[in-house]
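Two complexes come next, and they have one chain in common, subunit A, joined by subunit B in the first and subunit C in the second.
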Partner chain A sequence: MHYHFLDPYRPGDSVLHALDARVKLILSVAFILAVALTPAGAWPIYVLLLALAVALAVASELGATYALKRALIALPFALAALPSLFTLPGAALFSLHIGHWTLTATGPGLERLLSVVLKSWISMQAAILLTATTQFPDLLVAMRAIKVPRLLVAIFGLMWRYLFVLVDEAIRLTRARDARSGSLTGRGGRSAWWRARVTGGMAGNLFLRGYERGERIYAAMAARGYDGEVRAFPLPSLASGQVALLIGGLVSLATLTLLGIWLW
Partner chain B sequence: MVQKTTQEILIENLSFSYPDGQAALREVSLQVAAGERVALVGPNGAGKSTLMLHLNGILQGDGQVRVAGLDISQPSDGVLRRVRAAVGLVFQNPDDQLFSPTVFDDVAFGPLYMELPLEEAHRRVERALAWVGMEGYARRVSHHLSTGEKKRIAIATVLAMDPRLLVLDEPTAGLDPRARRSLIELLNTLPQTLLVSTHDMRLVQDLCPRTVILDKGEVVADGPTEEILNDEVLLHAHGLERP
Partner chain C sequence: MLYSPQPMHIPDGFLSILVSLAFWVLAVAGVGVALWRAGKELDERKVPLMGVLGATIFAGQMLNFAVAGGTSGHLMGAAIAAILLGPWSAVLVMTSVVSIQALLFQDGGLLALGANIFNMAVVGPFVAYGIYQTIVRLGRGRSWAAFTGGFVAAWTSIVVTALVVALQLAFSGTSPADVSVPAMGFVHTLIGVGEGLITVGALAFLHATRRDLLGLAPGAASKRSHQAVWIVGLLIALALAVLSPLASEHPDGLEWVAEEKGFLNAAQDAPFELIPDYLFPGLSDQALATVVAGVIGVAIVFGVALAIAYARRRRPSAAYEV
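Here is the complex of A and B:
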């Protein structure tokens, strides 16, 4: 079986892979919520949450650093918190002079910035572990279980199904272009403007193909009786062990968060 | 409604034009009896796929169309639902046919919309997958399958609906010789009335006793496959060749 290079799922048979997707989805969301609600500067709680994330990564048999590295992708977004370094009142750390302005970094500002960066990094790890150990169809079932609207789940499902088809199509288009991008002199082709037009044409081509495919898919759905309403089989019931795990996980995360809010 | 059990498909003077004015079918008449296996051949753009989309009311042209004893020339919603349960339409590209997250969801789609009891729907899925030799594939994800596997599952998606009539568009396109051979063997085991549109003349020879040639939206020949495949002049005139 081949997995598409875009598919974050990594096959395995660890305890984390075997866990019911509903439990994983709810606990992941709860974990992210717990991280978000932990106050700035509650460093020991961060360490505990990070340790939990790493422990889960080890349990998933993907390796302790699997999620640590991939979660760094969230860092550029955390830079949105950069202004807080200078806007929070408190003891001055250092000043920057830019033209007429003077920006003064403060202690609480630094604490806030580091907390935001750390929190986004830890939260991201939960999402990465969730998608690496859960097949997307199971995740869709889990979304249905936590009452995400059916139509939305159906749209996610179709998007997932055809994302790969469309990406493969785009790759084929690019290859066809590259195969015909020979040059007699060995130097690069024509102007950037011309190349931009070719790329624009390809994007349009891809859109038209996607549009036509959409019509064919609708015909295939209608041919099997689709009437505009999204239907699905009822959900299988959750094993009692899994329910216990879910409750245990939620209680632990709530305790950690409350501890953080109390002590800091 | 009068039930005609002998004629599974009864088309009289069917014409259809696409919204851009291009005529795709002109006065097509075709009768297919229950249990028959008919090949529909013709060059690209002859109207084969367009004709197939009329068989379960996805497209509606001018003329008489009766399928599985139902008049679908001016169908009501109820008639459309019934004809779609009776006609299993397998599209050319299995990526269009398999639109669900997993193989199970795809095969269960038809039974679910037929509002069968859940246990029956489950049984139908298992039976359909067993029929096409794809047991154990229920939990698989469609984009991880090979083209041959996708084609088989695509056929299972309609077999699960227990149709009286199977309509296949280019079933062997894109298959390697081994997958093609095993697909033809599979089709040979199916009891349903079969209408197959194809460019694969060896498939025609192996599977269908009767052949219909469609060209420029018109039926230009209709007869025993052996006779038609031996008429080289006729085949060449319509962009076809002998197997």
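Here is the complex of A and C:
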């Protein structure tokens, strides 16, 4: 089994796919920033931002619900915001009786919980659309353009290139263990300590394979003239239409955010 | 299966803007120093090596073992990276792991990426390195010291990272500290055992096959920059041990600090609030505005869909011109 389908990029020829990666990266970050700056309880602004995200999903031709569904993976983390439902002071909404404890949900608590979950869900739309419509090498170019350190971008690029190879390696190790009954639990299996040690051995093995592969790759790169400097093409200049789109996007996001801050 | 099992990658929306930016600054500082070190003392081969090791840690997070009742033990990898690669390389490797997880798999947010890098790629490796070196030195480089050190370092790195996450959530006003600190702490004292056991297993395997990677040779940690990390890592672990119980006694986190320092009033005048603290304003206006926003939103989506459909209908003839 090969894990190429781990790549979140979805090929297509939509408007969003054609957009320059730099514009997409900056606008995605700006979108997430706008969501973060929108105060709790500014529901209309949330609705508008969500509509914007859905409109972009439609424009990407991935389908309106593609990002909406995928964004649900962050939902378990909402558990972390749950206590605020009961601890913020305010008008009581309802009470839960668990044993001899009484938990009283309050209006402000509900507002904060909903805001946090909504914000997280809406922010994630932008990140999902960015990676679904942008190939990773383009994203690396965009990162270079926004001045992420070159060494870091080079490491990201190499990591991406060998990600699938190493994930395949991990899957092979897991399959070998399962084939030798190494992951059996209960009767017939051995203790959890033993299973932990086996998994540790696999982790060590994986590390060693990665380490030695890294050294081989370095040798291969050195043989092809690598001298420690990662060279890349100069960045192409942005078309004027793309610049206009970038500025327009930033201005409208700023407007929405300011509206939210002033009105709520 | 693709997503890391530890509930440590904070998504966007859970941290206040102030906390997000503050930890971006800290993360940039930590990674900046690591990059500067890398430029100064590492050789050129480290770039490919660190890229591949980042992929290895990413893949290693998929390894797990069943414990009991459907739960399983996992690896985060900060400790193993710090032990085997030294602290600065571990910072760079873990930074790429955490960044790729956020950028590509939405495992952790983009605005929260600074905090996630700080937690998992700076605090985790530093704490693990500090504890591992202490125990290995106390045990004078014997193999039992490496295994004990590996377990304690891995366990502590998980627990300390979790406590930092809990404090960040508390400071953001997302979760009160008297709930988040004990809850995150308790869950991760258990999760940390899994991390510790896998780390020991990995060290045992490497001890048998490539002993040179374990850094047991005398003088392995004597570089001055590593000594600084050693001390800073221990200090972070100690600070968290003191800070967390203190914070959970004052559940309002930053609000409490703000009140103490008397800048709560200043905070309320800010263009955006430090900690959202709203009551429902006039509900009828609110509901009306939301409905209007909804109508406008639907119109936008519908408009885009129509425009796309229209553009698509005219395109087939042009498709062959590529």
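One rule holds in what follows: the second predicted complex is superposed on the first by the 215 of 264 C-alpha atoms of A that agree within 3 Å, B and C clash if a C-alpha of one lies under 4 Å from a C-alpha of the other, contacts with A are read in each partner's own complex, and residues count from 1 in each chain.
As a convention for this text, a residue touches a chain if its C-beta (ideal position, glycine included) is under 8 Å from a C-beta of that chain, and two chains touch if they have at least 3 such contacts.
This structure is a prediction, so every number in the text was calculated from the model and none was measured.
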(message) On the A-aligned overlay, A:Gly225 touches which partner chain: subunit B = first, subunit C = second, or both, or neither?
(response) first
(message) A:Phe233 in the overlay: touching subunit B, subunit C, both, or neither? Say first, second, both or neither.
(response) first
(request) Could you say whether A:Arg161 touches subunit B, subunit C, both of them, or neither, answering first, second, both or neither? (result) both
(message) Just checking: does A:Ser28 make contact with subunit B only, subunit C only, both, or neither of them? Give me first, second, both or neither.
(response) second
(request) Answer with first, second, both or neither: which of subunit B and subunit C does A:Pro137 touch in the superposed model? (result) first
(message) In the overlaid three-chain picture, which partner chain does A:Pro8 touch, first (subunit B) or second (subunit C), both, or neither?
(response) second
(request) On the superposed three-chain arrangement, identify whether subunit B or subunit C touches more subunit A residues. (result) C
(message) Does any part of subunit A touch subunit B in one structure and subunit C in the other, and if so which residues?
(response) 136, 157-158, 160-162, 165, 213, 217, 221-222, 226-227
(request) Could you please specify the touching residues of subunit B with respect to subunit A in the complex? (result) 53, 56, 58, 81, 84-85, 87, 89, 91, 93, 95-102, 105, 108-110, 112-114, 118, 121, 140-144, 157-158, 161
(message) Quick check on the complex: what are the subunit A residues that touch subunit C?
(response) 6-8, 14-15, 28-29, 32-33, 35-37, 39-41, 43-45, 47-48, 50-52, 54-56, 58-59, 61, 64, 70-71, 73-74, 76-77, 79-84, 87, 90-91, 107-108, 111-112, 115-124, 127-128, 131, 136, 139, 149, 151-152, 154-163, 165-167, 169-171, 173-174, 183, 185, 192-193, 195-211, 213-215, 217-218, 221-222, 226-228, 230, 261, 263-264
(request) Within their complex, state which residues of subunit A touch subunit B. (result) 1-4, 135-137, 140, 157-158, 160-162, 164-165, 213, 216-217, 219-227, 231-234
(request) Could you pull out which subunit C residues touch subunit A in their complex? (result) 2-3, 7, 10-14, 16-17, 20, 31-32, 35, 38-39, 43-45, 47-56, 58-60, 62-68, 73, 75, 80, 84, 92-93, 95-97, 99-100, 102-106, 109-111, 169, 173-176, 179-180, 194, 197-206, 209-210, 213, 251, 271-273, 276-281, 286, 289-290, 292-294, 296-298, 300-301, 303-305, 308
